[in-house]
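Below are two complexes that have subunit A in common, paired first with subunit B and then with subunit C.
For the complex of A and B:
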C-alpha cells in the first residue's frame, strides 16, 4: 500500500525565477526503502522538505500539486501535526540539534515536550528510541561534546522518538567519517528491516545497492530515472549528466572496450560484483 | 616554504590530549592528504600550521617563523586555510568583495589585488558570478567562493579542510582541478579528507593520523596498501585499491587507469601472442 503519494508537485522558492521541482509524481509503499540521487541543485533537499512539510509550512514560495501521507495532505495539516507523518533528518546534525538543551536525553525529549506528551510516556519513548540507535550511554553528555557520528545519531533519535510514519534522510552521512557513517547507516538499516518506510538522499552507490528497494535519479528538478538500484545506478545517463558513479561501474565501463569486462555481464556497483565480473573475463 | 613539526603535543582546555608527539616535515610544493577517523587530530594538527592553535609542547615552524612567536596575521600571508563549511568564512556582500578581502587585508597594492582576484575567480570558475551575493549561490558555488577567497591571498601554503564534503561529482572534479593547478604552480597543498577515493586520485603523499599520533606517513601507494593498519583508524582503502587486491594485482592501484594497466599485465590477461 502506498503510504506516501506525491501528485504533480511543482515548487518554486520565494524570490526565485524557476521551479526547483517540476511535475514530480511519486508513490512510496509502506516499508519501502527509496533512495534519491542527483547532482547538487537537482532538487533533492527540496524534495525532502516537501515530503516532511517544511514546504509549504516553513518555506513559502509557490507549491502546486499534493503530498499525501496516510490519506492526509500537507497543506491540511500544521507542521507540528505533520511530524508524526514524516520526520526529516538534516545533512548536518549541527543544524538539527536545538541548542536549547544541555544533555542528549533532554534533546531527544524536546519534540515530545513540545507536543505535550505525558511525562511517563515521554520517558518510555526516549529510552526506547535511544536504545534503538545505540546512544543510551551518551544520555548525560552535552550534544555539542559528541563526535559527528554520535551527533547524527542524536539527531536521528530526536526524529524517531516522534514515531513518524516515514523517515526522510537528507544525506545523513555526508558530514561523517567512515566510522560515523557506518554507525548511522547501521541504525538506518535496522530501522528499515523493522519495517520503517525510508526515503534517503545518498551519494554512496555501494550503500544504495545494498539498502534500497528502489532508486530515483533527480536532475534539474525532474525524475530522470526510476527503477531498481541495478537499473538506475549502472545507467550510462548518470555519467553523462554528472552524477557520481561507483568506481567499480566506471572502471568496468572503461574495461569493456579493452575486452576486460564480459560483454553479457551487467556493470557492477559493489566490490563483489566487480570481482565477479573481472574474474569471469579472464581466459 | 617548509613546515617543520617537532614533537608536537596539544591539549584542549578541559584536558583532551588531541596531539601526542607529532613530528613531520612538509616540503615546498608537496601535495599532502591528511586522513584518519574523526577525533584523530587532523584539524587540530593543521590549525597549528597557521597559528590558530599553538603547541602545548613542541614546536611548529613555517619557513623561518616559529608559530609561537608570530602573529596569526603574519602567518596568514604564508598559510591559507579553507574551512570545511564555507558559511564559517563568507561574510561579504558579493563574490568579488569576498575574494578581494584577503589580499587587500594583506596590504597588497590595488592592481595586484585585482590581478589576484581575477586569477582566483577564473581558477574556481566563478568569473561570471563576481557580482553575486555569496548567499544567493548554491552550496556548491559557495564552496568555490571559499576556495577563491583563500587562493587570492597567494600564500605559498594552502590548507583545505574536507573540501569535497557534500559536493557532487562535478564539483569534486572542479576542486581536484584547482588542487592540481595550485600544485603545478609550486604551492604546498595540504588537504584533510575522509573521501579516500578522492585522496587516492589526487595526492602523492598521505599522512594517516590516529589518536593524536602519526600512524602512517609516506607515498600514497605505500600508505593505501596498508589495509590492516588503516583499519585501526577506520579508513577503508579506495574502491579500486580493494578491487585490485581482491583480483591479486601485484601493485597497489589508485585510479581506473592504474587499475586497467596493472590488470592487463596480469599473466592470465596477456592472451595469445599470435592475436
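For the complex of A and C:
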C-alpha cells in the first residue's frame, strides 16, 4: 500500500524565477526504501522539505500539487502535527542539536516535551529509540561533546522518537568521516529492515545498491530515471548528465570496448560485482 | 573547549533542592532589601549573615568565594571612584589638589559598593545552585512562552560554540599569514576578517536549526510536558510568601521613613 503519494508537485521558492521541482509524481510503498540521487541543484533537498512539510509550512513560495501521507495532505495539517507523518534528518549534525538541552537523553526527549507526551511514556519511548540506534551509552553526555557520527545518530534518534511513518534523510552522511558514515548507515539499514519506510538522498552509489528497493534520479527538478538500483545506477544517461557514478561502473564501462568486461554481464555498482565480472572475463 | 556556558555546580544540598522560582525570588528579595532598605548596614549584613552562610549550606562555599574574589577588583574600583569623585561632603579626611575624600562620600561609596556586591554575589549564588534548563522548564510550566526560554537556554549553549568557531577562523587566517597579534590597532584591524565569516556563518545555521527544532514539534500548540519533575514543595511556597512579605516590608519601611 502506498503510504506516501506526491501528485503533480511543482514548487518555486520565493523570489526565484524558475521552479525547483517540476511535475513530480511519486508513490512510496509502506516499508519501502527509496533512494534519491541527483547532481547539485537537482531539487533533492527541496523534495525532502516537501515530503516533510517544510514546503509549504516553513518555506513559502508557490506550491502546486499535493503531498499525501496515510491519507492526509500537508496543507491540511500544521507543521508540528506533520512530525508524526514524516521526520527529517539532514546533513549537518551540529545544526540539528536543539541547543536547549544539556544531555543526549534530554535532547532526544525534547520533541516529546514539545508535543506534550506524558512523562512515563516519554521515558519509555526515549529508551526504546536509543536502544534501537545503539546510543544508550551516550545518554548522559553533552550532545556537543560527541563525534559527528554520534551526533548524527542522536539527531536520527530525536526524529525516530517522534515515531514518524516515513523517515526522510537528506544526505545524512555527507559531512561525516568514513567511520561516522558507517555508524549512521548501519542504523539506517537496521531501521529499514525493521519495516521503516525510508526516503534517502545519498551520493554513495555502493550503499544505495545494497540498501535501496528503488531509486529515482532527479535532474533539474524532474524525475529523469526511476527503477531498481541496478537499472538506474548503471544507466549510461547518468554519466552524460553529470551524476556521480560508482567508480566500478565507470571502470567496467571503459573496459567493455577493450574486451575486458563480459558483454552479457550487467555493469557493476559494488566492488563485489566488479570482482565477479572481471574474474569471469579472464581466459 | 568548554561545552557550555553555565556556572551550575551539581551538589546535593537543601538549596539545590529548592524550586528555581523560589531561588530567583530569594535572590531578588536580597537585592531589593540591599537597595531599598532605609537602614545603612543592611547590605553588608546580608552579605555576612545571609549570602555567605547560604553558600555554605549549598555546599558551594569554595566556588562562591572564588567567584566573589574575582568580583572584588570591580567593587573596589567603584568604591574608589565614588569616594573620590562624588560631589559634596563636608568632613574632609584627606585632600590632594582637586582630589578630596570626605567622610560622607566615603560612607556613600561604601554603601554603593556593598549594594553592588550584594546584587552580583547573590546572582552568582543563584547561578551556582540552579540548573538553567531546570529554571526554564519551571518557568515554561508557569506559562512563560517556550520560545523565550529556548532563546535564553540555547544562547547559553551556543556562545561557547561560537567561541570555538571564532578560534578556528582566527587559526585559519593566521595560517594564511594574517597578523593577529601585536599592537592594539593591529588587533582591532584583525577583527574585521573574523566577524564576517562568524556572523554570516551563524545566520545560515539559524535557518537549519529552526528546521531541526520544527521537525521536533517545537511550534506545537499542545500543552508541553517536561522530562524532569521539578520539585515545588510546601516549603517552597512558604519561602515565597515570606519573600513577598520581606519585599513589601522593605518598601513600606522606605516609604514610612522618608
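Throughout what follows, the second predicted complex is superposed on the first by the 283 of 283 C-alpha atoms of A that agree within 3 Å, B and C clash if a C-alpha of one lies under 4 Å from a C-alpha of the other, contacts with A are read in each partner's own complex, and residues count from 1 in each chain.
We adopt the following convention: contacts are C-beta pairs under 8 Å (C-beta built on N, C-alpha and C of every residue); 3 or more make two chains touch, one makes a residue touch a chain.
This one's a predicted model, so the numbers in the text were calculated from it and none came from an experiment.
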(request) Superpose on subunit A as described above, then tell me if subunit B and subunit C fit or clash. (result) clash
(request) May I ask you to decide whether A:171 touches subunit B, subunit C, both, or neither, giving the answer as first, second, both or neither? (result) first
(message) Taking the superposition on A as described, I'd like to know which of subunit B and subunit C A:144 touches: first, second, both or neither.
(response) second
(message) In the superposed model, only one of 45-53, 171-179 or 225-233 in subunit C has C-alpha atoms clashing with subunit B. Which one?
(response) 171-179
(message) Quick check on the complex: what are the subunit A residues that touch subunit B?
(response) 38-41, 91, 147-149, 171, 174-180, 203, 206, 242-248, 250-251, 254-255, 258, 260, 271, 274-275, 278-279, 282-283
(request) In the complex, go through subunit C and note every residue touching subunit A. (result) 3-4, 6, 131, 133, 136, 146, 149-150, 153-154, 157-158, 160-161, 205, 208-229
(request) Please give the residue numbers of subunit B that touch subunit A in the complex, ascending. (result) 37-39, 138-140, 165-172, 194, 196-197, 234-236, 238-240, 242-243, 246-247, 256, 259-260, 263-264, 266, 268-269, 271
(message) Taking the touch rule as given, give the residues of subunit A at its contact with subunit C in the complex, in rising order.
(response) 52, 54, 58, 78-81, 83, 87-88, 90, 92, 94-102, 105-106, 109-119, 122-123, 142, 144-145, 155, 158-159, 162
